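Below are two complexes that have chain A in common, paired first with chain B and then with chain C.
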Partner chain A sequence: MRTIPQQREGRLLLVPLVTFLLVFLSFPALVDIVYALSDVTFQTMRAPELVGLRNFGTVLADPEFWSACWFSLRFGGLTAFIECALGLALAIFLSPIVCRYGWTIAILMLPMMVAPSMVGLMYRLVLHEFAGPLPYYLTLWSGTSPAFLDAGHAFWTLVVVEVLQWTPFAFLLFHVAYISISSEIREAAAMDKAGAWRILWRIELPMMKATIAIALGIRFIDGFRVFDNVFTLTGAGAGGSTTSLSIYIYQSFFKGGQIGQAVAASALLFFTSLIVLYAGGMLKSYRERRRVAA
Partner chain B sequence: MNRLHNLLYAGVAAVISFAALPGIASAEVTVLGWPGGSEETALRAAVESYNALPGTPAEDKVGLLFFNRDGFYDKLQADLAAGSDAFDINVIATYSIGRYAPFMEPVDLGADAEKVFGKPILETMQFEGKQYGVPTDLSLHFMYYRKDLIDALMADQGAKAKYAEISQKYLGKTLEPKAPDEWTWDDWAATALYFTKSVNPDSPVRYGTVLQMKNLLFNMMVFQSLPRAYGANWADESGKVTVDSPAYRAGLELYKKLYDAGATPKDSLSYEYPETNAAWVSGQVATALQWNAAASELMNPEKAPAVAEDTAIVAPPAGPEGRKDHIHGLGLGLNKNSKHKEGAVRFLKWLATEDAALTYAKAGGSPALAPSVVEKIAVDRPDLVKLGQFAGSYGYVMRGATSAKALSIYEVQAKEFTAYWAGQKSLDAALSAASQSMTDLLK
Partner chain C sequence: MAQIKLDGTSKVFGDITVIPPLDLEIGKGEFVVFVGPSGSGKSTLLRLIAGLEQVSGGRIYIEGRDITTTPCGDRGLAMVFQSYALYPHMTVRQNMAFPLEMAGEAKASINRSIEETAHVLDITRFLDRRPAQLSGGQRQRVAIGRAIVRNPTAFLFDEPLSNLDAALRSSTRLEIMKLHQQLGATMIYVTHDQVEAMTMADRIVVLNHGKIEQVGTPQELYERPANLFVAEFIGAPRMNRIEGEAAAALGAGTIGVRPEHIRIVQESGLWQATVEVIENLGAESHVHTRSDVAGPLVVRMSGSPGVKIGDRIGLSPADGFVHRFDRHGMALR
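== the complex of A and B ==
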């Protein structure tokens, strides 16, 4: 039981945090709500004209918005899946080496240390037909080199670039989860004549389930909101073919000057994320309750 | 207790320091310049000269501020819209004056400015009849070509026959090689096809040209001179959008024909300024329509050892309406929220004088100067003579290209035209979408 002075002290200590949240989160959120409901340009930012839900309607009726959503969903889903699959494989198969030579982790982590926009610029050079090493050697060996960044291949090139940069992140999570599994469990399973594959499928992977779910979630969110490397590598792409949702919002805001629509699109993204996260939480609670009941 | 006092003193000192900072900054006029490249070097030299003038008061000395080129105009837009007074003078460009004009103030540069730059060049910095800036640099496009390759083609009868055969097959007309200064767009296309390995296996280079086809507004400026030579404009005199025209169709189809025939690198849909330069210096390209600013790199033996000696320039080829060269200027204008307007205007007026323009040009800038002025620097900067000559003879600005939505219009064209070139949309669909969006933007 806390005393009244303790409660007062607690409230007092919360004041800086609450003030910070009010100033730095509530005010921008409020401005965003006003702008999302207004007809506003750079010239009228201080005098927006309220237009109700018109911006939301315009965004929802815009085929480019849906095309950007589809790009982000595909990109986020694919990259998250491939990164986690590769990261898991590496964590398991390289585990003996990494455990023995800890410094190898530093080398494996290197791609993560580079800013995504720099990665985009780097690949612009690496993939350039006349300056890049990859097209050079491909032409040398096979007489030709594919167009890595044309409308047909740009999406897959971007996926590969993203996977190469962020697989180490998934690897790190899985490595920590993998080495956390007690060796006694593995020894006990081995004594019961369980083979390596059986131990992996029946013991290790189930024990890493939570980490796998978290890694998939984090990588999906990161892939879904991709901006920097795509923007520096292909921009919006030929005919807008590599326009992610973040690029769509950026272009509507700065290039198109349609501030209301851009903010409405970001608000839609925010509410959708909130619903998905809430639904995920509800599903988890439901399954937990069923498990306990069983 | 002593520690508390020390902390208190340190805090007060910090507050006073921060409060004094704007005061220190207010001792000079701050110019937000175009970062990197020859523009920054030239502006630094001009400012140094200005500050060294005996008549420049201490409170009017000029300081410079630069930030990154990436997203420069977006950051500038946000700063101006927020009412920033962190700079007194800022960069403007012909196609963005309308967007920034509400946050800027017109300036009177005096009668002599016209004698230095000439009327058409001063107009690149005007919006609704008012002068918003001093034109410091002019940008247009040169047709770069490999002199050695063209000379060899012109001297070889067998090559001429092959050239005629290729032009007939791809362009539907039998053409013969001409000197680059006499090229029509068809002649250029035929030359580009002739020097393409996939079209003509005997070509000494891999590609006949290198097209900048990335979905980027600046690439649309480069492309624009082709349809313009066929009579294209954004709108007619009544304001009706005229992008869905035979002239734009001719230009768009020619680019697509060259792209599909492999006359330009396969990745051209992701190419912009630096990629084009890289392709050129590799020595594997015969022609390129590129910004004038690239001349210092492409014709410099240290930077382009494989091709510099053989690189030559002419104005873009001709169409039925003659030769056209898209021009736009960079300049410096007055921020409406400036706290030092008097000093800022004083600097801008000086910048519009002959002495200042020559100082700027000598330091590597690219001002378009009146013939009587440019001749004083012709020995040091022969390219400026060509710049002024091309701008004066072939320069144009599309109707609506200085409006508040000009940048957005270039963006729309970039998106729709690249969709056509990439095969994602038909020509009709791309032009119809561009027309619809441009009509909305030019309302």
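== the complex of A and C ==
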């Protein structure tokens, strides 16, 4: 049999991956870059007129873009933090029950089974100022009810809705990480005179560190790019107070027809996340090098 | 004076009695081995002493103090686990510092203790590595180090060698024995391996179904087993067990003869047998035979066997080395 030189073999094996990337990523990416640099509307989509960086300038000067960014950041960060904190507490607190009765996990998982847009619609009904049962009963019992979906409360209502739906995800990750810590390690710590709190802080949480970081990361990304449940619950809602970055891009693209601007905004988002990821990777390898050197 | 004393200690899981009430005294500086087949309750007994399981009845005393309900961390005992149970996110140094930090010792004295212990165990080189970067034998040393550094009243070992390969196992066995001499500390060691029990123990506790079958020095157990279970559990190859006519002829329900106490006599002998399998180990040979009246018999002899498969031979037990048991398996003296 003819042997292939190692270097060529390596290249050959990379072909499917590179093809995949070219077909599915590079074409849309190229089109995106062209559109971002062009003045383009639905009528001129096949003949974009290059205008340089003007779209980026417009986007960066648009206060709505910045408020959408701020919304997404705040929403992503806050929900990720609350979901992980609650999920961690549940995973540790409920672990004796969940370990004994496995089926309880199915119940805890239930919110995750519902499509986020359905969740949005459902809460829109439940919280509706006139038709919703929650404001109705609150008014009946306490004489007053907050307007859950007005400008002052919409953000927090959305946070609660998101947290209620996605805490189970964090819980599931933490549950798996928690029960995978061997019982002998806990027993060893107990023999070493560590109480329950110290075992938690010194042994269990550090051993779950990687899972906690991953859960925070996934939940932040999911919260940052939030679209469907916000869109169905409040739209851009209550005077633009709940315009997430995804909704901003959607609105300027489909409603405003400013394709160039919308694409420029998404390109900015793309480059920002690239820089964040790259910085994260650099930090990690720097730390590892320092640890090896130490 | 007994340092650790079990007084009617028992353990029940649900409806299952794992350990019926049991008494045992362990002296200061003694190396005691709990040995028995799996499910004999030896690990449970160790965990009761450690405080990792609550007793269902009876009391446990350490140095005269009743510690039956004392939490495991306050009993002054250190344990080495089968899986080593090192903290994977900590360096060796941090692993060893952990029990001292929990006891609230000062940083300087913690460092001194760690350095000393690391020197004794020859693990100074590894102090800044994580457990994942160590081999099985090195992890074992660290686990022992984490126990020593606390200067405990007694050490508890739960099958600490079962994850090591054969060569490492015997060398670590020797090291633990040396350590015992060096520290003069009380050690309780659980194993299912009778060789470990025989070689390491000052005293062996043979357990079966949670019951103590016999307590004694290795020599006592080998020479005067209290019953058939102990007789067959101690010694390898295991004791030949002969029932029926051949036993009745000696006035017993069952007789036992160790393979090393049977001689091949070419002519007559007490039992006639056919050679079936020969295991030649170089320094000694195990000859597996089938006797007409006594059933299968193994003969252990030094050097090469001098018989062939299929040979008809006569076998004679050495005088004074025939163990007699009654119908219930208890030794007749």
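Rule of thumb we're sticking to: the second predicted complex is superposed on the first by the 273 of 294 C-alpha atoms of A that agree within 3 Å, B and C clash if a C-alpha of one lies under 4 Å from a C-alpha of the other, contacts with A are read in each partner's own complex, and residues count from 1 in each chain.
The rule is simple: a residue touches a chain if its C-beta (ideal position, glycine included) is under 8 Å from a C-beta of that chain, and two chains touch if they have at least 3 such contacts.
Just so it is clear, the structure is predicted and the values come from calculations on it, not from any experiment.
Annotation: superposed three-chain arrangement on chain A; chain B versus chain C shows no clash, the two fitting side by side. In the superposition on chain A, the chain among chain B and chain C reaching more residues of chain A is B. In the superposition on chain A, contact of A:Gly217 is made with neither chain B nor chain C.
In the superposed model, A:Gly256 makes contact with chain B only, not with chain C. Once the two complexes are overlaid on the shared chain, A:Gly240 sits against chain B while remaining clear of chain C.
Once chain A of one complex is fitted onto chain A of the other, the partner contacts of A:Gln43 are limited to chain B, with no touch recorded for chain C. With both structures placed on the common chain, the touch criterion links A:Pro111 to neither chain B nor chain C.
The superposition places the C-alpha centres of chain B and chain C at an angle of 150 degrees about the C-alpha centre of chain A, rounded in steps of 10. With both structures placed on the common chain, the touch criterion links A:Ala151 to chain B but leaves chain C unconnected. By the touch criterion defined above, A:His128 lies against chain B but remains apart from chain C after alignment on the C-alpha atoms of chain A. Superposing the two structures on chain A brings chain B to within 50 Å of chain C, judged by their nearest Cα atoms. Chain A has no residue lying at the interface with chain B in one structure and with chain C in the other.
Residues of chain B touching chain A in their complex: 71, 74, 77-78, 80-82, 99, 102, 213-217, 265-267, 269-270, 275, 278-279, 281-282, 284, 404-405, 407-408, 411, 415-416, 418-425. Chain A meets chain C in the complex at residues 182, 184-185, 187-195, 198, 202-203, 206-207, 209, 294. Note for the complex: chain C touches chain A at residues 50-52, 71-74, 77-79, 81-83, 85-89, 98-99, 102-103, 128, 146, 150. Residues of chain A that touch chain B in their complex: 42-43, 45, 124, 127-131, 145-151, 154, 233-241, 251, 254-257.
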